[in-house]
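Before anything else, here's the structure in question.
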Amino acid sequence: MIFLKRQLPLAITFVMGVAFALQYYIPHPVSEAAITKVSDWMKIISGFALVLGIASVFHVHAVKIRRQAPGWGYSGVLFAAIVTTMAVGFWSGGESKADGSQTAFGWLYDYTMVPLQGTMFSILAFFIASAAYRAFRARSPEASVLLVSAVVVMMGRVPLGQTLLPGMQISIGQFLFKIPGAWDITQWLMNVLNSAVRRAILIGVSMGSVALSLKIILGKERSYLGGGKDQ
Amino acid sequence: MKGLLKDLARRMIAIDRRIIFLLIACATLLPLLNPFGLPIKVSPEVQAVYEYIEAMPERSVFLLSFDFDPSSKPELEPQAVALLRHAFRKNLRVIVMTHWITGTGLADGVVTQVAAETGKTRGKDYVFLGWAPGGYALIISMGQDLYKAFPSDYSKTPTLGMPVLEGVRNLRDVNYMVSLAAGGAGIEMWYVFGKDKYRFEMAGGATGVIAPGLYPFLRSGQINGLIGGLQGAAEYETLIGRKGMAVAGMDAQSATHFVIIVLVVLCNVFYFALRGDKGKRV
Amino acid sequence: MILALPFFFLLLIGGPAFAGPPTSPEGFRVLDTPNDAGQSLSLVWKASPSDSKDRTVQAWAAESPPAAFKKVAEFPSNTRYVRTGDFPWWAQPAGKGDHYLKLPSSQAFPITDGKPYAVKLLIREGEQEAWSEAAEGVSAPNYFNTAQVNNLVFVLAFTGVLLGSIAAARRNPHVYLRRIAGLDAVEEAIGRSTEMGRPILYLTGSGGMSDVSTIAATVILGQVAKKVAHYETTLKVPHRDPIVMAVCREIVKEAYVEAGRPDAFKEDTNFFITDDQFSYTAAVDGIMLREKPAANFFMGSYFAESLLLTETGASTGAIQIAGTDSDHQLPFFVTTCDYTLIGEELYAASAYLSREPVLVGTLRGQDFSKAFIMGVMVIGTALATAGVMFQTDAFNYFLDLFRDFK
Amino acid sequence: MPEQLIPTSVVLGAWVATGLTLFIYSFLYKDNPLFKLGEHLYVGVSIGYSVVLVWYTVFFRLLWEPLKKGIAEHPAALGTYEPVIPALLGLLILTQFFPRVSWLSRIAFAFIVGFGSGVAIPRTVSSYILKQIEDTVNPLITMGANGLSMGFDLASPQSGINTIILLIGVVSVLFYFFFSVEHSGPGMVAARTGIYFLMIAFGAAFGYTVMSRMSLLIGRFRDLITFAGAEYGYATPVLLLVTVLSLAGWELAARRKGGEE
């Protein structure tokens, strides 16, 4: 039993991990077919997992409704929305378009999901402004460079800033000096400094992620199996 | 007098966020209703995409992948429209697809509309393959056999034998590819599983957020060009000489950026006004 | 300012006038394209001093025994050279400077694995032409991509370093680890929530269970839950991925058991909202506004929802601690959260909190490897510069080891 | 403008979309019943949508159809029953509902995590480590017609000076991420340099992002402006008025209630 509970999952992880790490080095068509197939399997497995999620949702909101907790009416709205969407979806056969015209499911998606998504997303426009107002204070040298580079890039990104801070060329005697405008500085910041930092973060994060993956395959990291040190 | 100023600064620094929200809303809405038209400057990474397409011979194969959904529509749709207009004007054969199932309807709408305005025919000049599951696995299978990956297009017409796909067997036969990406399943994936293996030239169009992260790929030549956000779209519209929604939106952009910059400057002024005070007290 | 060094260099002046009529190419051979999935042949032949853009090369191929030859490729004779960087030195299909042409299977000329094909070259200039001998080749799928040997060696070496440093950490777990500001704040945040009698909100990000950052987030969740169990504070963990939710439920339960408070564990600490990005965000924002948690933790990988979450959290006055490897969202976490674990610090955090030898050893191992990579970059730049200065490829024996080949 | 009749379903859609948009925006004022309504509707619809999508794209397209086709064509072949494996693993996850056998779900977790880890390793090494090293290592000088030269043009990303800056940036930021080395002495200088690089890059990325966020707002406002037209029955102004009035009413009611208590 101990074997089944602990060793078997570790063995499966090891075999899957090693097999699909090696798959990368094998150009043979069989190896590509294998990864395609198993990727499909993953989708099927996570499809089943959705049942877990829905059970959790029902549990949370059913409790609210049963106890008539504050705002339980909204839980009712949520259930109604789930049921309606599913009904419409199955009625339309899961297609958003049939015979060239929109189905009810397509309508529901286009006029509820899309605007809701877009609206939630667009709230970022307000939040980015309020975050900038709160955070961009020259409290320390680090905060100051952050603030200055943000302001310069904001100038360089829009036509107005580019017009206000254009690049210039001054010649003194035989020397030609180029004074960069906001746009040039933006380009340089993004191309050079930003690339450097991203690259360093990328390398660091990748080392960490390869290390964790290796530990998982070798059975040194098993928290994903649910804590359980000695079960 | 000084005390009054301090008081003002203290109040302004803790200003209700909702006033900022209102300012942003006005700065967006007013230019949209009444645009003022500022000039657009073209960056080399957008120019590169334009020039590559410009240099392609007629009937070359151009693959455009809509790797986004309606939530990124405001930024990526203008890019898609501008690219498609350019490609159709150059009489390229255009293959459109998407990795995001939620982007299917949007992609179909955009292609159909641009094709209609340029008088192109579905199946002959362009094809919309629709969505298929798999992410990177889909790219691999397109690299092996396009017709297996997409046996039929979005309107359920068999892909095999379509005039637009003549001579196209798999990704190797694609001349140029642009992925318009809003996140994970996008440019990097196309590069790692597609371009690298099947050797086609590619570029990216990205939302403003992920565009900075793609500069390393641009620098290393993994992609040959990059269209970033609405600004990128406006630049492309300028290049093809058809100003559209991106150029109009850029005025609103200028206004909101200006508002934020002024806010940041003000908040620092208030901050320093208060800091001097604290410095004395300590 | 230009740093110019006088330098001798050869000018190769070649014109069609001196080249003479086309001759058949030397050393022409056909081979199976190495390191591929099959259905492709490679052609190799020696470069000639009379290669020019006016002289074209055509490749003609036929199923062998010779059926009719078909033209499959045409290009100027001064193209398709093997260049530095195309292939690593340990997997060169042809010498440097030779011509190399990959002939993939196409609709016009399909190539089947295991069948012999004959190929010959035609060199043309104006009206004059010269044929090469026909060479034969068989295409086959390969079982190992030798060009990626360096990748495999890197993985194996890294595994070795990792296992070594984990073993070392087991022997001596008191390795020095530098401070990470965000982590000292974890205790403070939990304490404050207890004082205020408000819940703690912990998000594990939007990644699935096979995502490394999610795994790191769940490990930290275990540590946080242990502390929370001590203080008897409410912990709330809303999820976007049901599998992550199931795993986190086990982890939190385990943490309560370890803290000696199994009775205080509640099944609905971990709950699922929806797998959709923005409706999840709207719901979590709602939780923040209504339940006013005193501490918000954002660990794992995030997309655009990051600022929607942190800015709402900031407006409710919660202490916010973030940790993410999503580089594109870092600017927002840094500006709106009280503490942010940047990139790798997220992975390191679990080591700090638990002080487990495996985790501490991993950090050491990563540090070694990072130092190695830094060294490679600095030495590599010096060698690449020297290579240009002395016009030599000798340094590529080193540089190729750290290139990515396909 | 030619007279074009907009279908009723579209007009109705415009009203629904506008209403939901305004409900969500009301959250910017403060948490209120309209936002709660919008939020719960949104969560509900998204769950329902996921269920339908998973049903058709996963269960139907990946599981049921291949099985049905396989059994019809090659009932004896072992490969036909291959989709059963993930289905069984999926069922194992559902053992979570039964505490006694819930350990079985670990087998499925092991499968998923093992696959993810294995796939990640060589690809991460290739694209994010080797490729990034390769791109950082560049000669500082170039061989031109006038001999060797080093570029000092900041505007060209490939110039020698930018190569050096890039190298310093990458190395110092990597140094900042050293955990087992004390940041003091020369280490302190390197780590501080790293922090400055980080902060400049974060500021730049923040500033760069503002535009795309504003684009989203522009997109939403453009829709609202469209729906304000007569052909859509003035959806936006009418609903805006309704939203504002209900918010005011709710606020008044809350105040009165607060006053009574």
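Think of it as A, B, C and D in the order they're written, each chain with its own count starting at 1.
Just so we're on the same page, contacts are C-beta pairs under 8 Å (C-beta built on N, C-alpha and C of every residue); 3 or more make two chains touch, one makes a residue touch a chain.
No experiment lies behind these values; they were computed from the predicted model shown.
Participant: Which of the two pairs, A-D or A-C, is linked by more C-beta contacts?
Facilitator: A-D
Participant: Could you tell me which chain lies farthest from subunit C when each chain's centre is the average position of its Cα atoms?
Facilitator: Farthest chain from subunit C, going by C-alpha centroids: B.
Participant: Averaging over Cα atoms per chain, report the distance between subunit A and subunit D in Å.
Facilitator: 3
Participant: Round to the nearest whole Å and give the separation of the Cα centres of subunit A and subunit B.
Facilitator: Whole-Å distance between the two chain centres: 17.
Participant: Centre to centre, by mean C-alpha position, how many angstrom separate subunit B and subunit C?
Facilitator: The mean C-alpha positions of subunit B and subunit C differ by 23 Å.
Participant: Which subunit C residues reach two or more other chains?
Facilitator: Within subunit C, the residues that touch at least two other chains are 148, 151-152, 155, 208-209, 212, 215, 243, 246-247, 273-279, 282, 290, 304, 327-328, 330, 332, 334-335, 342-344, 348, 366, 370, 373.
Participant: Multi-chain contacts in subunit D: which residues touch at least two other chains?
Facilitator: Residues 24, 27-28, 36, 38-39, 42-43, 45-47, 49-50, 53, 57, 62, 93, 96, 109, 112-113, 115-117, 120-123, 125-127, 129, 131-136, 157, 167, 170-171, 174, 177, 198, 202-206, 208-211, 213-214, 216-217, 219-220 of subunit D touch two or more partner chains.
Participant: Which positions in subunit A are in touch with at least two other chains?
Facilitator: Within subunit A, the residues that touch at least two other chains are 21, 24-25, 29, 32, 35, 40, 43, 46, 49-52, 54, 57, 71, 109-110, 113-114, 116-118, 120-121, 123-126, 128, 130, 132, 134, 136, 146-147, 150-151, 154, 157-158, 187, 190-191, 194-195, 198-199, 201-205, 207, 209-210, 212-214, 216, 224-226.
Participant: Which subunit A residues qualify as touching subunit B in the complex?
Facilitator: 29, 32, 35-36, 39-40, 43, 96-97, 100, 106, 109-110, 113-114, 117-118, 121, 125-126, 128-130, 132-134, 136-139, 147, 150-151, 154-155, 157-163, 183, 187, 190-191, 194-195, 198-199, 202
Participant: Hey, which residues of subunit D end up touching subunit C in the complex?
Facilitator: 24, 27, 30-31, 35-36, 38-39, 42-43, 45-47, 49-50, 93, 96, 105, 109, 112-113, 115-117, 120-122, 125-127, 129-131, 133-134, 136-143, 146-150, 152, 163, 167, 170-171, 174-175, 177-183, 198, 202-203, 205-206, 209
Participant: Can you list the subunit C residues touching subunit A in their complex?
Facilitator: The touching residues are 35-38, 141-145, 148, 151-152, 155, 158-159, 162-163, 166, 208-209, 212-213, 215-216, 218-219, 222, 239, 241-243, 245-247, 249-251, 253-255, 268, 270-279, 281-282, 290, 304, 307-308, 310-312, 314, 325, 327, 330, 332, 334-336, 342-344, 346-348, 358, 362, 365-366, 369-370, 373.
Participant: Under the stated contact criterion, what part of subunit A meets subunit C in this complex?
Facilitator: Against subunit C, the touching part of subunit A is residues 21, 24-29, 32, 46, 49-54, 56-57, 59-60, 63, 71, 113, 116-117, 120-121, 123-124, 127-128, 130-132, 134-136, 146, 198, 201-205, 207-216, 218, 220-221, 223-228.
Participant: Subunit D touches which residues of subunit B in the complex?
Facilitator: Against subunit D, subunit B makes touches at 18, 21, 24-25, 28-29, 32-33, 71-75, 101, 133, 188, 191-192, 207-209, 211-212, 216, 219-220, 222, 228-231, 245, 249, 252-253, 256-257, 260.
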